[in-house]
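Shared between the two complexes below is chain A, which has chain B as its partner in the first and chain C in the second.
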Partner chain A sequence: MKVDKSVLKQIGLKTLNTIIPVLIAFAIGSIVILFAKENPLNIYFILFDRSFFRIQGFLKTLHYAGPLILAGLAIALSFKSGLFNMGIEGQIVSAGFVVAVLGYRWQSLPSITLIPLLLVSGILVGVLVALLPAFLKARYNVNEMVVTLLLNYAIVQILEYLTSNVFRDPSSGYVSTNMIGQSAIMTRLLGSKLTLFFFVVIIVFVIFYIIFNHSKLGFEITAMGKNRFFAEATGMRIQKKIMIIMLTSGALAGLAGAGWMLSEKFSYTLDFSGTPGLGWDGMLIALLGSHSPIGILIAGIFYAVLKTGSSNIAIFTNVPAEIIVLLQALIVLFLSLKSILKIKPIPVGKLFQRKEKS
Partner chain B sequence: MEIIKTIGLTKKFGDFIANDNIDLIVEKGEIKAIVGENGAGKSTLMNMLYGLLKPTAGEIFIRGENVHFDSPNDAINKGIGMVHQHFKLVPSLTISENVMLGIEIDKKIIVGKHSFSMPSIDHKRESKVVQALIDRFQFGLNATDVVKNLSIGAKQKVEILKMLYRNVEIVIFDEPTAVLTPQEIEAFFKTMRELKQQGKSIILITHKLQEVMEVSDSVTVIKQGKIIGNRITKDTSNKELARMMIGREVLLRVEKHYQDYSEKPIIYEVNNLSTKNHEGINVVNGINFFLREGEILGIAGVEGNGQTELLDLLTGLLKSTSGTVRFLGKDITNEWPDTLRLEKIAFIPEDRYEQGLCTDMSIGENIIAGYHGNLDVCKNGILISKKIAEKRNRLIKNYDIRVSDCEGKVSSLSGGNAQKIIISREFDADPLLLIAAQPTRGVDIGAIEFIHQSLLNIQKNGKSILLISSELSEIMSLADRIAVIYKGQIIGEVSGKDASREEIGYLMAGILERSHENES
Partner chain C sequence: MDFIIKILSDSLYFTGPILLCTLGGLFAYKANMINIGLEGMMLFGGFISTLVLFFTHSWIIAFISALILAILLGMLFSYFGVTKKANFIITGFAINLLAIAIGKYTLAALGRIDINVIADVTRSMASIDLGIIGEIPIIGPIINNQSFLTYLSFVLIFVVQFILFKTRFGTYVRVVGESEEAARSIGISISKIKYFAIIIGALLCAFAGYNVAVNQLASYTPDITAGTGFIAIAAIYCGQGNPKNSSLYAILFGISRSLAVNLSLRIGVIAGLLEMIPYIMIIIVLTVVGIIRKRKTLYRGFLHE
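And then the complex of A and B:
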């Protein structure tokens, strides 16, 4: 397998384009750390050492990376085709909520049937939430960005109402649904936080890697994103594709929400998705990974390192855990520089294409 | 007298040299034609003369005076005017208002020796002044007519008037005949000669060699940003000019064998097809035609008479409001593009870079597009990169597509080679019917020869072709029957073998009676 030189050069440029913003963010972050009278190198060492280079920490990182990778894939799938599904967050929390309720109601079922059932329910909820904007876009060409974005706020409000009134766990001291049954909780592996959910994520990842880089659908998604008129004229039925893409994107988000519930949260609370929220994190991950599956895998794990690392920083040093939020914000800021510099990303799949002898 | 002289005029865009050391001389009172293929640098040169672009190096002299233009206004002040290919007129205003736009004559009140300008326009005076100008150049227009009611040829005259009123000495025409009917072209040539008579100098940018031979006094050929040569028109031929433009011998007209198709079965039939555009206007208005097996039907017409919408209807991109399309006895009205492809209808779209290709994707990806679900490259929804590369290499070889890097993107190809990608893709699918729109628009003469030959070759194999083109000579040299579209309707039909330019020209202008006279 020979690799084209120009492709290598482009990949190098692309990687550089992703790494440089991260490095700048860390450099500026270190100034802030200096204000807290700590050694930045020391802090960064703790950040990476405990969450990446130690086995327990690494497994914990992978555990957090699972839903992030799914959210990243959901975003990338829609963005690559030129559709802007900004509703990942709403789809994730809806799926999480419904799975929490069902996980409590159906807890008499054995794990082996209950967990797959709940994951599938989560996927269905994600699809259902994505259905309205997808239909409006495909049928009436209503701007999907506006609809999905606004729907997020509506969903959060509805879920807040449902959680604090209809489905509230009366025995709980704070606003929360009932905890899901024991049989719905995914078992932890190797004495770490990691559950089987991560392997579900890996399977999904492999499927989407193939879809993005080697399938007819992936080809049509790329064509749609790059030139809609071309896609339409060459017989790729845009309206149908819009439905497929938006709904698949919703399904991925739904799976992320269900998995997050069954492997980490166990009951729906108002901070289920955290701050800024898994869906928004997914957007950063997709951006960091240049909408390519491999890039998203790496970016998802990197992002999870920051997440796990932040608690370690809070425990072992005087620097507040919020430093991580600052780093995230700076990364976003400098990543947007990439679009200013306008170096176009290339599909990672190209690396593995065989160079033809001619 | 040299009215324009440039010395070493050079324009670079980054590393790309659009104009390289151009030494151009235009004599006073001559019609100078500047010819070259698309992308040769003609427009760049003119934009520098008209103040739209600033030269990277070199000097421009007007009547011996060294000038530096910051904007077209500077150029107009020095007596250089330009008539663009796409007119810049306000449709709802009258001719005189358009001519006076920006330099209106205000109403004046005269009190004793003093005159005061009023904040309103003196329309009477304006139309009088413009009418005088029209009469002086014998343009045969009425200054108070509203522009939107004018024919395209008349609109072009208004553009010229705008320049004349501003007292320009040199008029630059950028591809002026692209939107005109043959009769309007004749009238335009008359106008040009009239301007010349009155002492104006004219620069004519074109790639139609026939026009150069007919109207110009001298020719300058530009290729890849450089001047290849200067000729006095009467001492050259369009063969020589074509050779200079391309750098090799070319056939200007392909060999075509006419035969009688009236016994062959009808395979494609369009009945009473209509559609509206987004403004609710009937742009395709009850079109009828049919196509026999092995026949080429040309649809001629001035651009903007419904060709684009008709094409979108026939290729499944637009829905009809009434009418039917039948192919091999099957009703295929309003079918999707992919279904039409499965029925073995292939398309060469009008806009190469919008509908035909995705410049941002690789050559291989473009070569399979539209047929990417076919078994030769795709199994169970998975594309086989090895098969795609095989297909790509085979087509690049068979269709002589010049690529520097076969893994590269389509954006790296020239117009002609990009068009060959579409042609190879559509021909390789072995269609029964090919719908080709403007197949040679913007490609160089060498590629035109290749494309015309390829179209005739597939006709030889018994395929039918529907050819929609605004290039009349293209239709006349390829089609067996020529239908003319005017305001969304087929206004008449002539046989391709003995069609005359004049006859088709009248139909293109919507004049029916004359063509009937010709028939009888």
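And then the complex of A and C:
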């Protein structure tokens, strides 16, 4: 396939448009660090050096990147089609919770059957949680953004109740469910934190990449996002597509929650998903990767570097680890300016060549 | 009886901040700029007012700084969303994130888990005794002893109704929201109207933040808003941006929050579950509104929102 020069230029501009917000965020972050009387360059060096340029650190980063990439894909899938599914967070925690309970109940099963079973249950839970907003949107056009946002709050309340009463581990000093069985824990590889879950993520990623870029569904998703009325006028069954997109998005989130439980957390606690939460991290990653699979892969790893690095910052410097949350918020803020550098609209004829690229 | 009075009185208490955010967010909604950042703007208001109060011990300076910050946030949101044509849903979301991040960072930097200002909050700041009105049986105890901003929020329903439907500014806001072309053709400066609509919203959210953090709780933690901004957005949606209707929904959500809190004191362990009543209630209301709207229209498939 002939690569057009202007298409390359588009990609270059797009990349710059995602890098510049990150740089601005880091620049503002360094002012904050100066207030804490530390050297920003030193802080950023610690941030990246230990989590990206050292092999153990890098494997740890990959380990953290797994669920993040899935969450990013889940968000990108719905946002690209113009559906604001903000419920990823709720779907992740519900899946994590159910997997924690089942992983304890079914621990007599051997790993080889138990782990796939648990991952599938996580996916199912994600789908189930996404079912209500998907149905309401498709059938009655109830605003999916508000419903999913509020469902998150409701889910957190339900899980808090269940964790602190019904499924609480009485022997634990803090609010938590029972530990999942040994057979449910994914084994660590290469003496690092990395588990097989990362490879599950990679497989899912490849499938997703193919669907997104080389299938009718992928094309329809993009078409819907560009103009849903036009898409419907050409004969697409939008209602069915809404269901498919929202439920797939839920499935990805569910898998992320299950994997996070089986490879990192092992029991459900109230801070299972951290702050601001895996689902919200996914939103940043999807934005940073401009809703394209490859972009999300890179953004997911970049974000995991921040996450691994934040604990190093807290250990080795006086700057609070919360600086990372601040950087993250600033990145989102500047990413919302879709294009800092103006992208010229592509001539219609070249649209078809662009398909392989973005 | 006392219990019912308590529930109703608490309903007012919880409605106040929701109502302030709802009425503030209305303007942006009417100007076709949905502000997801209401929650963050409110949190910023609560944060800066407690922080300033903590160091200066003066509520006036605290209140003014909350307002100044609100104007800055409104300008920031408008600059991104209106002037730079950014994706304002994401901008609003970023403001929410930023509010939490700055709060957490500051708390960590100060080495505290909250900003407690109980020593600086006088009784008259927390609640106002209405005197003779408070002595009316039943109604008196319900409406007495709320904070000034809570009373103000109910007055604002009518003020906002008036501004939106009887003043030139209100008309312009609605015209901009309904058709930008029409607005442009009669020479309305669209950006200016949108800026004002958003800044009014930011100011009212700062009121709400001040009300919760200073008047009601006398302390700040990054979770004091508890989704109030999102509940307000739901109220705006349910009421289609009409001040009276949206306020009714805001009051409804205030009542359900009050029910959740008060019933939880009575029935023990299962209480935690009641906390989700407001959220579930909103989803049910939205669904019912959606079903009714669908019955009324004959569109096929995807509808305009």
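Throughout what follows, the second predicted complex is superposed on the first by the 336 of 358 C-alpha atoms of A that agree within 3 Å, B and C clash if a C-alpha of one lies under 4 Å from a C-alpha of the other, contacts with A are read in each partner's own complex, and residues count from 1 in each chain.
Basically, contacts are C-beta pairs under 8 Å (C-beta built on N, C-alpha and C of every residue); 3 or more make two chains touch, one makes a residue touch a chain.
Since the structure is predicted, the reported quantities are computational estimates derived from the model, not experimental observations.
A.B. asks: Tell me which partner A:E322 touches in the superposition: chain B (first), chain C (second), both or neither.
C.D. replies: In the superposed model, A:E322 contacts chain C only, not chain B.
A.B. asks: Go through the superposed model and pick first if A:H214 touches only chain B, second if only chain C, both, or neither.
C.D. replies: A:H214 sits against chain B, while chain C stays out of touch.
A.B. asks: As a test of reading the superposition: which chain, chain B or chain C, is in touch with more residues of chain A?
C.D. replies: C
A.B. asks: For A:F229, select first, second, both or neither according to whether it touches chain B, chain C, the two together, or no partner.
C.D. replies: In the superposed model, A:F229 contacts both chain B and chain C.
A.B. asks: Look at A:S108 in the shared chain and tell me whether it touches chain B only, chain C only, both, or neither; answer first, second, both or neither.
C.D. replies: A:S108 contacts neither chain B nor chain C.
A.B. asks: Is there a shared patch on chain A that both chain B and chain C touch, and which residues make it up?
C.D. replies: On chain A, the overlap between the chain B and chain C contacts is residues 229, 232.
A.B. asks: Of all residues in chain A, which touch chain B in the complex?
C.D. replies: 4, 6-7, 210, 214-220, 222-223, 226-227, 229-237, 344, 353-356, 358
A.B. asks: Considering the complex alone, what residue numbers of chain C touch chain A?
C.D. replies: Against chain A, the touching part of chain C is residues 80, 84-91, 93-95, 97-98, 100-102, 104-105, 108-109, 227, 230-231, 233-234, 237, 269-270, 272-273, 275-276, 279-280, 282-283, 286-287, 289-291, 293-294, 300-303, 305.
A.B. asks: Write out the stretch or stretches of chain B touching chain A in their complex.
C.D. replies: Per the stated touch rule, the residues are 315-317, 336-341, 347, 349, 351, 354-361, 365, 368-370, 372-373, 378, 381-383, 385-386, 389, 393, 405-407.
A.B. asks: Over in the complex, which chain A residues touch chain C? Could you list them?
C.D. replies: Going through chain A, the ones touching chain C are 32, 36, 84, 132, 136, 140-143, 145-147, 149-151, 153-154, 157-158, 160-161, 164-165, 228-229, 232, 238-239, 275-276, 280, 283, 287, 320-323, 325-326, 328-330, 332-333, 335-338.
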